[in-house]
Amino acid sequence: MLKGIPKIMSPELMKVLLEMGHGDEIVLADGNFPAASCASRLIRCDGHGVKELLDPILTFFPLDTYSENSVSLMQVVEGDPTKPLIWKDYCSVIKKHDQHFTSFEMLDRFSFYERSKKAYAIVATSENALYANIILKKGVVVE
Amino acid sequence: MLKGIPKIMSPELMKVLLEMGHGDEIVLADGNFPAASCASRLIRCDGHGVKELLDPILTFFPLDTYSENSVSLMQVVEGDPTKPLIWKDYCSVIKKHDQHFTSFEMLDRFSFYERSKKAYAIVATSENALYANIILKKGVVVE
Amino acid sequence: MLKGIPKIMSPELMKVLLEMGHGDEIVLADGNFPAASCASRLIRCDGHGVKELLDPILTFFPLDTYSENSVSLMQVVEGDPTKPLIWKDYCSVIKKHDQHFTSFEMLDRFSFYERSKKAYAIVATSENALYANIILKKGVVVE
Amino acid sequence: MLKGIPKIMSPELMKVLLEMGHGDEIVLADGNFPAASCASRLIRCDGHGVKELLDPILTFFPLDTYSENSVSLMQVVEGDPTKPLIWKDYCSVIKKHDQHFTSFEMLDRFSFYERSKKAYAIVATSENALYANIILKKGVVVE
Amino acid sequence: MLKGIPKIMSPELMKVLLEMGHGDEIVLADGNFPAASCASRLIRCDGHGVKELLDPILTFFPLDTYSENSVSLMQVVEGDPTKPLIWKDYCSVIKKHDQHFTSFEMLDRFSFYERSKKAYAIVATSENALYANIILKKGVVVE
Amino acid sequence: MLKGIPKIMSPELMKVLLEMGHGDEIVLADGNFPAASCASRLIRCDGHGVKELLDPILTFFPLDTYSENSVSLMQVVEGDPTKPLIWKDYCSVIKKHDQHFTSFEMLDRFSFYERSKKAYAIVATSENALYANIILKKGVVVE
Amino acid sequence: MLKGIPKIMSPELMKVLLEMGHGDEIVLADGNFPAASCASRLIRCDGHGVKELLDPILTFFPLDTYSENSVSLMQVVEGDPTKPLIWKDYCSVIKKHDQHFTSFEMLDRFSFYERSKKAYAIVATSENALYANIILKKGVVVE
Amino acid sequence: MLKGIPKIMSPELMKVLLEMGHGDEIVLADGNFPAASCASRLIRCDGHGVKELLDPILTFFPLDTYSENSVSLMQVVEGDPTKPLIWKDYCSVIKKHDQHFTSFEMLDRFSFYERSKKAYAIVATSENALYANIILKKGVVVE
Amino acid sequence: MLKGIPKIMSPELMKVLLEMGHGDEIVLADGNFPAASCASRLIRCDGHGVKELLDPILTFFPLDTYSENSVSLMQVVEGDPTKPLIWKDYCSVIKKHDQHFTSFEMLDRFSFYERSKKAYAIVATSENALYANIILKKGVVVE
Amino acid sequence: MLKGIPKIMSPELMKVLLEMGHGDEIVLADGNFPAASCASRLIRCDGHGVKELLDPILTFFPLDTYSENSVSLMQVVEGDPTKPLIWKDYCSVIKKHDQHFTSFEMLDRFSFYERSKKAYAIVATSENALYANIILKKGVVVE
């Protein structure tokens, strides 16, 4: 633990976020996502939800404001009546850190898997909301 | 995730608990414990407290009922007025799983460190209560 | 060993089942299956049959109820008079854990090998029944 | 699997037995033995008992007939009324393979642990009989 | 060394033979074969010929009686007057262990190299007979 | 790079600081210190001085206020007229982050080496001031 | 540190430069470049700019005078008004070491990424100038 | 060092030459060759020329007399007036060990790189003659 | 294989002999010696006897003529009537390579084990003569 | 290779010299020294003598002028008439780089071995002069 670093940020997660560069992506995966089979780098956060991680991550992690697709979600499969309420929460947290954010990129299930395999890292949470996986594309640190 | 396994139990934690035998010890360390420098096997549970872990662990993990020292705590240093309230919670959780439990073994700070270095594994939590470290000695599975 | 975990579930097997996510597959291979040459992750269970493992695994492991092909078998090769009686046993065990289960997906020998190479893990048993290999696709944990 | 090799003999177990020389020891540990923390080489046989392994191992593995202590057991702790019936079974199996065998070397619990740490390998079974751990000292192959 | 296991069978060779399954192949390569550059698993048997290994291997290793190509040789290159006398010896040894054996599959040099690269293992001997390389395909253990 | 993390803090340095616990020590070594031969964990910061690192590290890293020896320096060797002016700078930076800081623990050269070997990590800088090595003992994060 | 070697040249950087041969390329990446995800060999120089490294590197590292593209830059993206002033500095430093240098090869963003992935190594700096990434192609040492 | 083995033959070089089989190739690379980026196995011989190595290597290493291309050189690039005098020396050394040798295979620069990447090993020398790289194809040991 | 190197000399054995220096020792162990548990470097020569190895090794390996104990044997245990005839063969082979050799150093069983643990390497043969283990101390190469 | 770095300085040697700090020692070992068994870090320079290395190393490597024992040699064994002429050469080379050098520290053979085991690295040459081993203690870089 360190002063000013939220406790949920593990040493490995902080290291991975620091290593990432412009355009690299990180996946916050829910508890049923096949994280271990898709990840080139896997960070486990068992027992936590995605929302608990999103805010502290975005405190440090700039989204790619140059891209229109800086945040991606998994589209609800056709015929599935689920309304992923958690997306609203994601939207609020993101807007708090990035005023320019307007909308999510929606990926169908298989495109989402392919993107996840190319991501720099996947964070495996125990989130139990449905369609709760989210991909963040890193932007430029301008300080 | 699996049916019947609490979400906070990571694959690595479950594996380590299964590998341990009679007399092996595991340390649930608070957020300020020097876990990485003491552990022969380190399991990180950043963002969680010790209490959240104690109950699910004891659901699977038998305490050593043959020993009088199946659960150990770090003694309050002389002169320190701290009253570690969390110990009462520990007591309740332990009694729920082991009716024969009566009292903790108290170890001074340096003895606690030495025991931790010999333990099979240390679980590094972000618990912020003081004197919240606890050592569990594994008993026999009798089924 | 732990309370409530069947003894046949090795630490490594339990860890692998916990790591798997929605859509990941595991192969329970019989004693003649080329498990070591096909597996990306190999778990040896020498001396055991597939049936002994199927029930304890399904106690924890949800089948993919969204897919029509959550359980796959190797088709009897044309001209081979073998009647794999063990399939009936598999069916009973699966139905005990998943009421919605209706039928197996049948794969010819070479398709079965290809699927096995992509599986998350292969469990190498010493099962000596013929055509006794089985693939389980993991579903969603809904708790 | 191979012709003439019992199915319970895993590739790793067979390799370890072949590597051992005159005077090297192997421990067949019961399910509560702290095998993972004591072993310099660990071979897991989850789901099996010690007896199932003893006979096939002794088919290949010569006991040290030059030593009076070729087979060692863990002494019943003083005050413990347990009568380890399994020892009789061990005796029968051993005598079947080694006519000169007369008696076991008895080690107290702590001496047994120390010897196990120096052994070439420990086989971790799920044996649930009490005091079922056994150490075999390898003899000379005279062919 | 173990009772009943020929001394030429190294621990690593025995382990590899046990790991192989139905359809897996092993190459017994002569002393000039590019074994180290072709092998995914390499077992060195320097100082031995192929014949010394063939008989003890086939004592344990079932050939694939279902396939017509359970044993393969490297065809004599066109124009080369060599008559590989060693093939007759191979034939005798194989027939001793497998009555159904009738003929070898003949592979040209480059096909032989490609097959070797896909084999489970290559055993590098110091055999100095020409065209002495041989591929064995594992069959089913039916006991 | 991340928002709010000084650029000089490498991913590995940040990870190591997060892993350390109460009582663990880190050495900021000057350019002539035998860092590679003393360090159990080595972090290279070639081209930087110790002062450039001290301030950003102390922004995150709490000193051990319970100990009287939270910061240690290498004593000037007897007879050496050097006056290490850099110590004043160290003092100012430390006081900025820890008001309770009063004085350094002075270690002779050989004691300093021994303490460095036990430290959690050594940061190898290119600092060229003399007697510029400094040891920081981590305190408790109280948030 | 060594006599005659600039302090900013880390042991790993010096080793990598020595290992490279004619035609091998090294990327000096700015602080936002996705260095960790592109590099086959990664050398971190956190806290430093590219300019600080360019001069000492070119003191030892000959550019490929046979090639017209011995130094490459990332083209300004169309529509972006940025004028990368740092390029002038690069030009001066390069001309100081290589009189024959005339102009940079300009690569569009994606070509630059592809070239970086094939480079022998990437040096990750914290340079915050825009379009500050630079690729150096090694020439022949003629002494 | 050993009796009868030239001192320049390092343990690693001798091992690699022994491991190679019929048709495997080894590259003796000059000091500017991109050896580290091309080699699947790299043996460094810094400070030595190619000629010093060629004679002791050919004392042990048979060239492939069956192939017409047992020794390959890098063709002088069109327009380059260089006359690689070292080739004559190579020719003398080779003829000393192989009376049947008549001529070199000439490869253009890029074909030479591709062949080197497939070679069993590359020996990185500090040879400073131009066009001094040479590829040797191993023949059959007939003793 | 190489010209002039006996086929029984494996690449690994040759490498180890070349790496050894003045005073380093190598053990040629018989088939019952606990080679794997004693060796810091283990070279397996399954299927061969010690005599087959001794002559080719001594062709390259100089004995330590400065020491009176350049060759050591394991003393016959008191009361054991064995007359190790193989020692005469060893004597002949050694004298062929080293005219100054006069007698063996005799070590009791436990001293032999201790020396073996400190040896640079142990060669595990399948030699079945009794008391056939032998230690060779390397001398100086004077060429 | 690089401009200004002598060709005999391998990438690994340069890296090791850069990593060393004040008081660390490096051994330049002759061809009969047991380098592989003594070294914690081993750098092979087969085919070279110690003298060829001493001058380029001292161009970069400062000797410890504060110590009276910055250069150590192995004392001639009592009764041995050898006069190591190479020491004069060493003396000349050292004085060229360090005017203050006056005399060598002489170590008996066993003390020399012990010091070598604690050295940061050993460079294994093929030097054939007797008593040619030399230890260099690194000083401070003062630039």
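Labels A, B, C, D, E, F, G, H, I and J are assigned to the chains in the order they are written; within every chain, residues are numbered from 1.
Following the convention adopted for this analysis, a contact is a pair of C-beta atoms (placed from the backbone, for glycine too) under 8 Å apart; a residue touches a chain by one contact, two chains touch by 3 or more.
For clarity, every value in this text was computed on a predicted model and none was experimentally measured.
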- Note: chains that touch subunit E and subunit J both are H, I
- Which chain's centre, taken as the mean of its Cα atoms, is farthest from the centre of subunit B? H
- Taking all residue numbers at the subunit E to subunit I contact, is the shared part over half or under half, that is, same or different? same
- Query: Using C-alpha centroids, which chain lies at the maximum separation from subunit E?
  - Reply: F
- Item | Chain centre separation in whole Å, for subunit J relative to subunit F (CA means) | 32
- In whole angstrom, the CA-centroid distance of subunit D from subunit J equals 52
- Item | Distance from the mean Cα position of subunit E to that of subunit D, given in whole angstrom | 35
- Query: Residues of subunit F that touch two or more other chains: which are they?
  - Reply: 1, 9-12, 19, 31-32, 128, 141, 143
- Query: Every pair of chains that touch: which are they?
  - Reply: A-B, A-C, A-F, A-G, B-C, B-D, B-F, C-D, C-E, D-E, D-I, E-H, E-I, F-G, F-J, G-H, G-J, H-I, H-J, I-J
- As the complex stands, subunit G meets subunit F at residues 1, 7-13, 31-32, 44-48, 52, 126, 128
- Message: Residue numbers of subunit A touching subunit F in their complex, please.
- Response: 1-5, 9-12, 14-19, 59-62, 141, 143
- Task: Can you check the complex and tell me which residues of subunit G touch subunit A?
- Result: 29, 31-37, 128
- In the complex, subunit F touches subunit B at residues 19-24, 120, 140-143
